[in-house]
Amino acid sequence: MTLFDYIADRWDRLALQSWLHVSEVVQSTLLAAVLGVLIGVAVYRSPVGSAVATGLASTILTIPSFALLGLLIPVFGLGPTPAVVALVLYALLPITRNTIVGLAGVDPAVTDAAKGIGMGRLAVLTRVELRLAWPAILAGMRVATQMLMGIAVIAAYAKGPGLGGEVFSGLTRAGSANATNQALAGTLGVVVLALLLEGVYFFIARFTVSRGIRG
Amino acid sequence: MSDVDVTGLSSEPGLKRADRVRLLAQPLAVLVVVGAVLVWAFARETDEIEAESIQAGVLLTKTWEHLLITVVVTAIVVGVAVPLGAMLTRRWAKPVAPVFLGIANIGQAAPALGVLVLFFLWTGWEGLWAAALPIAFYSLLPVLRNTIVGIQSVDPSLVDAARGIGMSPRSVLLRVEMPLALPMVLAGIRTSLVLAVGTATLAFFVNGGGLGELVDTGYKLNRPAVLVVGAVLAVGLALVVDWLGALAEQLLGPKGLG
Amino acid sequence: MTSDSTDSAVSGVEIQLEGVTKRYPGSAEPAVKDVTMTIPAGQIVVLVGPSGCGKTTTMRMINRLIEPTSGRITIGGEDALELDDVRLRRKIGYAIQQAGLFPHFTVAQNIAVVPGLLGWDKKRIAERVDELMDLVGLDASQFRDRYPRQLSGGQQQRVGVARALAADPPVLLMDEPFGAVDPITRGNLQDELLRLQADLGKTIVFVTHDFDEAVKLGDRIAVLGEASTIQQYDTPEAILANPANDMVAGFVGAGASLKQLTLLRVRDVDYPDLALTADVGESPSELRARLARAGDTYALLVDRRRRPQRWVHVRNLSAATSLANIGRPVGDTVSTQSTLQDALEAILAEGGRAVVTGTRGEYVGMIDIETVTGVLAQLREEHESAGDAGDAGDGVDGDGTDAADGDGHGGDAGRAGVARGDAARDGAGRADGGVDGDAGAAADSGAGTS
């Protein structure tokens, strides 16, 4: 059976796994974005806070994903929970770091002007600073998504949802007729979905980044 | 902000404040956490199955296997990506550079586990090399890209001066371009090291050993203590390797810069 | 050593360009079009022109960093295009803007690159490095192991020149080497280059877009137009006096007469020894007595090597117990090698008069605004007495040439040319005759100024 026959044959299951994979990654990214932006907003004015936040997030990234997943199994059991927790943790670094960089990079003259025309602290943050930092935050989310696509494959070890299941069953059935097709379908599926998401980010950037600050 | 690389790891040289904090805090944290977990693991009552894994000999062997994979991968990556990157910056190689970068990009974008499993299924190999080769392919990009970018960002007037005073093309590359690109290359190697030490936890899937095996054993046999010891050692090793990489960046970079 | 003949100091060789053209693929017009010129041995030839005129391209074809599309280049009679390009470049010194020093090499390593490439042994290289650092005015023990970023811009340029001279090449190519430093440092570096050249007699091809720099440095200037076409190739005096066409005239600019001040050096004029000097060790009362006898109010404090330190007013002396630490520091000084234009700037900055120092940085006299205006008046007088006798000619040697300035304010190009020529010879002679402390003194002043 060729790869194409295999994909055609198992289309329903592959489509469902693809959907679950993407949904898991996107939800984790969104959750991490909320947390990351909150953390970024909380610390970006303090150099020490920024250093600690990015330092901690970089440390998390250094942790092997399989080891982190293993550590989460005794705590959260099997299934989507440990997978999502791990994914959110990994997504935090790029998003937090970019939020801090983006907020710190806002021209002080602009915030000064905003204050000068009578905006409150919250209005300055939400209407000026975050708007200007948005391209950086979005870039952080894009990087996080790409990374999570690969990590989610490993999360299938803890019975997490998604295309990782295909890779794992390909591995356990090594030698049988469709083992390679299965692993290939899972791996290529992730690459293709990652590219699609890349495209989605491109359009989000196009429609949400103010034309005044688009590179 | 598109300069943030796809790994999410910092590939830029230089010691920022956050890095300085890590340089101090990281080894201390590793020492404390790994020490505490080991003391806990050895002090508690273990059943037969646990005792088979939680013993100094096994832990040392697995750590050694893990480290060996990391070192072999890094050696392959440096041995391939640095010369390749340098070559791709030569004028005659300009047309083919995007091809190689594209391949490396795909290698990095594909899920590490998928690359590992596919290599195993295609070759039927097992053990160290079955793990090291695909992991090296997966970790190649940061060094390749940083070598290229590092050499390309050398001030053209320095290359001009080097040629102008009579250095041969080879001397220009080895004595001027490479040393000046070194900080970028080292940063790339550090990123690759971190990718390698992390991905090496997956090596046991192709019978390559490593600390991932303890995690797997603990999970399969329902012995959380074994799982935790394996995972914590893997985390500790990764952080130590990363720390060594940071240290190397500091010590090996050319003097007179920055 | 006698110095009545200029040839004694020449170590450079002649460069000839014949019909040299550079055409880049994909562009209709050549970047450099059919350039033919002879660069005489031992002279500084300045290629000057607007940016993008191809002057740098022309220069870079001499050491084949750019390969000519057609034409012939000979260096000392040898066909440069026949030689291996890497070997060729090792025989040609090369200095560029911002020095192009390798930031990961120390000063000594930077200077040692070419001797190293030529396979000199370690001892010879080390000696040569020290010798060169001395030559360009850097204290070897102090600067040898520094990295370029630990040097000022001027010091970096000195190292750049030292590196270019390292293997004692007969030919030096310099591409706006002083373009990136402040005007005062630039003036110093130019002075030093002229001092070096008086000793070394290299063939120097110097590219700049600054016409004043060209006038100051060039034995001959080639004004280049589009595609490096030669508009005029002559001595600075001749070009100032007789611009060949509108383009050259535009380049020479309005201040042609004042520019002639750059053709005269302080040692060419009479500067009086006005100041009363005192050693720092002298007692204040003694100095006060000497000032009273001379009817002076100011004294110039000098150190043991008679280098000017501070100005002391007579009223500072009554309360002082020692001459150390009183008075105000001497500001800008001019050397006997400085141009009158630099001197004029220093005089204005110092409020009417400036201290003149000799080759070792020692006090030799004072120059004031009257001296300069006197010279200008004299130039004008000579110009008028010469009348219209000189039919401009081609003005190459410039003797008695009618200056082309219409404003009656400037001087006589011919007179200036002669004076300058004498000065150059004189300079060579003095440098030759000087004791070996000469370079050392320059080293001190060099480190101080930059």
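The letters A, B and C name the chains in turn, as written, and every chain counts its residues from 1.
The rule we apply is simple: a contact is a pair of C-beta atoms (placed from the backbone, for glycine too) under 8 Å apart; a residue touches a chain by one contact, two chains touch by 3 or more.
Composition by chain, UniProt nomenclature: A, B = ABC transporter permease; C = ABC transporter ATP-binding protein.
All of these numbers come straight from a predicted model, not from anything done at the bench.
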Problem set entry | Core chain by centroid distance, with centroids computed from Cα atoms only | B
Problem set entry | Chain pair that, of all pairs, has the most C-beta pairs in contact | A-B
Seminar exercise, completed: Looking at Cα centroids only, farthest away from subunit B (ABC transporter permease) lies chain C
Problem set entry | Whole-Å gap between the CA centroids of subunit A (ABC transporter permease) and subunit B (ABC transporter permease) | 21
Exercise. So how far apart, in whole Å, are subunit A (ABC transporter permease) and subunit C when each is placed at the average of its C-alpha atoms?
Worked result: 62
Problem set entry | subunit B (ABC transporter permease)-subunit C separation of Cα centroids, rounded to whole Å | 55
Exercise. Once bound in the complex, which stretches of subunit B (ABC transporter permease) touch subunit A (ABC transporter permease)?
Worked result: 1-2, 4-10, 16-22, 25-26, 29, 106, 109-115, 117-118, 120-122, 194, 197-202, 205, 211-212, 215, 218-219, 224, 227-228, 230-232, 234-235, 238-239, 242
Seminar exercise, completed: Given the complex, residues on subunit B (ABC transporter permease) that touch subunit C span 157-158, 160-168, 171, 175-176, 179-180, 254-257
For this session: Write out the stretch or stretches of subunit A (ABC transporter permease) touching subunit B (ABC transporter permease) in their complex.
Result: 47, 50-52, 54-55, 58-59, 61-68, 70-71, 73-74, 90, 93-94, 97-98, 101-102, 135-136, 139-140, 143-144, 146-147, 149-150, 153-154, 164, 167, 170-171, 174, 179-180, 183-184, 186-187, 190-191, 194
Exercise. Which bits of subunit C are touching subunit B (ABC transporter permease) when the two form their complex?
Worked result: 60, 63, 65, 86-94, 96-98, 100-106, 113-114, 117, 147-149, 163-164, 173
